[in-house]
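Quick one: the structure is below, questions incoming.
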Amino acid sequence: MVNRQPVIAIIGAGIAGLEAARQLVALGYKPVLVEKAPAVGGHVAEWNRLFPDMSPAADLLDPLVAQTSGIKTLLNTEISSINRLKDEYNLVLSDGSSLLCQAVLFSTGFHLFDASKKEEYGYGIYDRVITNRDLEQWFNTRHDDRIGHPKAVGFVHCVGSRDVKAGNTQCSKVCCITAIKQAIELTEEFPDAEVYCFYMDLRLFGKKYEDYYIRAQRDYGIHFIRGRVSEVGEAIDGRVVVKAEDTLSGKPVKVTLDLLVLMAGIVCNPDAQYYAREIGVSVDDDGFLKSRDNLGAITESSRPGVFFAGACTGAKTIPETLAEARSAALAIHRYFSNPR
Amino acid sequence: MIYQGKQKIWADYQKEIPNDHWFYVRSCIRQNFFPASERYFLTICRDMLGRDIFETEHHTTCGGIAYHCDTIPQETAMTIVARQFALMTEAGYDNLVTSCITSFGNYTEILETWREFPELEEKIRESLWKACRREFKKPRYVAHASDLMYKLRGEIAERAKFLLVSRATGEPLRIVEHIGCHYAKMFPHKGVGGAEYPCVLSGMVESWGGQVIDYPERRHCCGYGFRQYHVKANRGYSLSNTHKKFESMEPFHPDMIITNCPGCPYFLDRWQYVIAEMNGKTYGQNGYGIPALTYEELAGLVLGVDPWDLGLQVHQVAVEPLLDKIGIPYNPARKYLGMDEKKIMTPGLPTVLKCC
Amino acid sequence: MDFGFKLSPSSAVNLDTVDLARFDKLTSLVPDALTCIGCGSCSATCTAAPWSGMSVRKVLLGLQRGRDEEVDKMLSACMLCGKCTMVCPRGINTRHLILTLCRLNQKGEVVR
Amino acid sequence: MRERFADAFHPFVLPFLVGIFFVLGYCLVGMIRVIAQLPKADRKRFLLTLITPKYIWMNVRDIFLNCLIHVKLWKRNKVLGYMHSSIAFGWFMLIVLGHLEVMLFVPHRIRFFYYPIFFNYFVAETEQTLPGSLLMFLMDFFLLIVLSGITLAIIKRFASRIVGMRRTTRLSLFDRIGLYSLWAIFPLRLLAESFTAHISGGSFLTIPMNWVFRQFLGNDLHELPTWWAYSIALCVFMCVLPFTRYMHIPAEMLLIPMRNAGIRIRHPRKGFASLEVYSCPSCGVCIDACPMSVRKANCKDATVYLNRMLRRGNERRIEEISDKCLLCGKCTAVCQVGVQGPELRVAQRARRKYALSPDFSEINVRPMASAVASGAGGKSGGVLYFAGCMTQLTPSIRRATTSLLDKAGVRWQMMDPDGGLCCGRPLMMAGRTDQARQLIAKNLEIIRASGCDTLLLSCPICYKVFREEYALDDVRVVHHSVFFQELIASGRLQMQREDELRLVWHDPCELGRGCGIYEEPRQALAAVGELVEAGKHHAESICCGGSLGSLTLSYEQRQPMTQNALDNLTLANPGTIVTGCPLCLATFVRAADRPVRDLAEVLDEHC
């Protein structure tokens, strides 16, 4: 039915959006990337090195950005509203203009859980408490007064994940391996530091993740304590006193740390939820966008012409996100090639 | 410590506290522990700040202790509480202010339960009617007396005769605030400032010139724990928890502890003597203890009430060093004189803990 | 003065003060000891366990939590039958681990 | 024959005299020390055997067969056998014949040590006599034999594969000196005797060489230096001998009588042990044999190196080698001298100091004892089956064993139905004998209580220790392979043979080399299918790599050993690998490409 070149709006120019755009171009379409940030790349652009091979994030991102540089990309552009026409969608953009498209691809990604909501951990209150993102940025910039030269560091897994009280019951999937990656990087940075990981379960499902875990144990001597941190206090010297239960010995443990890293979990991008409601795409009870079918059609919504890629439907690793972006591109291609 | 961080959280936990017209219910145990506190709460609110606070001799316990000791079912506690509400309704009030933290927790818990299970409320209304032919309206606002004091802290500051600063150095006093467990730990949104960083007391301290110190075991229970202290076999456990708090606050050298719960000031005060006897260890400056005051006593001091009228002589830990530090005048001779200016007996001195 | 009750010692483990000398020496001699994931296979299959509560997992944990008496009690129950070595999913040579540990004194020195 | 010199002396004999007295003195002192270091009981026992005709005969025979003829080596490798016996026996004969000559021609010189050695220098031939020329002939003959041996030795040194050895030991400096001086001795003797053959006479070897030399050597100036060289070579060899592997020559001559007397290793460095260490010829046969040496790994941990390190007192290596060993006993099986590598190591482990030792005194086995007692129902006799720790991990063995017992209608009961105590063998292997004794005492209590007359074991590790360390005189301790074979032989178990079933039997170390049980399991298997043999089998079977003997080998290090053992077992491409040890089973199952079963399982399926 491709009587004229259809317009495909891709909301969010993170790796999912960029990869999908790249594939769509390869398939002969002219997608439009809408990004509210001043630059493309999304979260990955903020990351330093990526598990499981410690490869620089730039190695992944730069080629992707280079190959999508020709594609029409609206930066600093938010979407004030979307409305559904017959078999088209009208995006009203923050600059007042509107974008009429035949297909919308949600590559809106995720939001990092706001760690300050877990008040007992004192993020934003104690000087020595930071998040996984803060640490990752420190790896990039080396500027963060909170870090200094720690002798004892703690990682708290599942901050705002698998936590009814935080309104997030699902597992954020990538935090365990991220914590291990960052713990290893910190140990390399500060070899004399004792590093503790407080976990509920270790979920190291991915390729090479387990080897990584073994290395963290044997080669880096990182201490893994099975138990959730209950509360954090501040000692007179400004260091943080962390309390948890070591559930394997059934004893409460207390440790004073120079740095506490909160592994903030992954929640759905609230903008995505808003857009979705506007065009009647349902949001799942975990807060992420609801696919037509979680097995066979994860990239397709219940609405014709609306597609998903990446973390907007749930926590994803980078390979998963890229794979979904590609399959979303194909789904869009199928959508335009087969007459409805 | 990032102060803005706390302010941000406090902003999320503000509760509406009406300015006037309160129905006051007392605590079961405070009158024995620090009798002047409740009295001066009324004096300050009514006489000094001209608020309308009503109380009736007909009110009883709220059943909180019995409930938390598992000696009565919640329905019983609810019926008792319903009766207090009836008294309030009959008196024509709909703001309830409690002197006791456990009562506050109990009232809050019951109202929340009724909100979730209206049929239960109906049942209680029925049993109250059967029991004493009374009916009640639920209070529009339930506050703890410390909430009200928090609300009035500004007015008190305006009338302040003394500020919580060292007269010698002009430095603000270092003050530990201790919040009763039942204040906000059950329902964070019912307490001023929430459960993790409550500002109900720290708010008073700051507006009266003091400096709040935050220490690792700040959140920890004072150790009273109804099931612990009341059973002698568990009393050591009760003591141990208090000890834990003192060990944790020791390096901060606090000038005083301020609390908003009946049990806490009592145990934080008396256990200092017991610990001193057991371990020979004291936590205040040169052999003294750390005075543990109620917020009413503190307000009284700020407003220039005579320490002995505030009943500070019934504290185990001597308050004189604190008074001297602030520069509050007092007459040592009057310390153990009763209302009738006749000498009540002078207590014997402990062997370790230094007292005056 | 006797009040009829006492201060009870805290059951909490203070990781700031735990002495890891023995554990560190052990892991320098048997690095695999670090790779324990506390699965409990060793305890489940242990021949000595029914008699003594022996558990290699708990031994390793106890060392890191400063519970030396428990550790020594468990060690002195081991019969070296080697079943734990057979079942360990991380392939830790638990017999070597135990024998090495038995050679260390509380200060973590190899006795000669 | 007449003497050439009235004083019957020449300075060139001095080096030889120095050497011979030194070596004899050294050995004498050594011998006395070894005997003195024996525990009292052992010493008494040993000295008694020296005057018991039966033992005397045994000793003489063994020394002759082993030290001179090297029969064991012949059986193993003809070339090596010839090489060794030619040198040893040939040299021995040269010495004997030398003395015969002296006694025959100049009897009054027999008291001179050097005379028989340098006979040809000191005498001149007057007339040819039959015995004379016969002796001369024999001398040349044996010299030729020895020389042939030496030639082989030289070839072996530079191309060991030719004589069928993959890896040999690297020689220490002293060993080299000893080796080269040994090589030198006999060619020099040949030269020396050839040079003097026109005076002293000679035979088919020396006479012609003498004639040849005389064609181009005008004078006799070179004669004396050669005799000097010969004497010096002897001196060097004998002086370095105590510090070389050649020490095994004298040591073995004491080792054999001691072993015949049944002396055992009690201390890793003293008495019998030191004798074994010195008896090691460091031929390196144990390197190839050692299951740990697969893929060129752990070559330096073979028994030959343990012996070398024990002689050098390199404590760190001694400890390392002692702890690593699987204690499979194969090195002893292939050793020409029979050095007991495992026993040496266990003795070494037993010397170790521990900060903490097991204590099982708390364990109360009365409940188990009364359980088996009531299980026996007051009746004495019957079979008590002890499954043991490892069988708990391989319940199939336990099921099959008990099922077979039922099929045979044997009255039996379990000793450890819900798990029991360890048999103590693993502790023994770790050198913790006293602790093992505690467990043994506890188990004895249970066994005694059962009143059984047979203790049945499906685990060779248990079997060995029950057999050797438990005082169960009135109770028969039997491994299930033997027990079931008897039941089959006596017809109480009827087997259906399955012709297309190809089975290979893996001899578990503890059962085969450990207890000498090889045939019964094979006979039993032959009753159910076609039995094929592994590449190496019986006493030379290869350890599965799972052995409890090793204290330090990691799982990764063991895997290639297991694989190697499996490759050896599957050479004849059997359908099923059968073993009689739960540990071997569990180890093989992980890596095998075909079914691995316990003997009991296979029998049970065909019964």
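Chains: A, B, C and D, in written order; residue numbering restarts at 1 for each.
Assume a residue touches a chain if its C-beta (ideal position, glycine included) is under 8 Å from a C-beta of that chain, and two chains touch if they have at least 3 such contacts.
These figures come from a predicted structure and were not determined experimentally.
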item	value
Contact-richer chain pair (by C-beta pairs counted) among B-C and A-C	A-C
Most central chain, Cα average position	C
Centroid distance [mean C-alpha coordinates] between chain D and chain A, Å	67
Whole-Å separation of chain centres (CA-atom averages), chain B against chain C	47
Computed distance of Cα centres, chain D from chain C, in Å	40
Shared interface positions of chain D, touching two or more other chains	none
Contacts with two or more other chains, residues of chain C listed in rising order	32
Touching pairs - complete list by chain label	A-B, A-C, B-C, C-D
Contact set on chain A toward chain B in their complex	116, 119-120, 122, 124-127, 231, 233-236, 238, 241
Contact set on chain D toward chain C in their complex	352-360, 362-363, 389-390, 392-393, 419-422, 424, 426-427, 429-430, 432, 439, 546, 548, 551-556, 583, 586
Chain A - residues contacting chain C, complex	196, 214, 217-218, 221, 223, 226, 243, 246, 248-249, 251-256
Of all residues in chain C, those that touch chain A in their complex	11-16, 27, 31-32, 34-36, 38, 57-58, 61-62, 64-65, 67, 90
Partner chain C, residues of chain B touching it in the complex	232-233, 235-237, 239-240, 243-244, 274-275, 277-279, 351
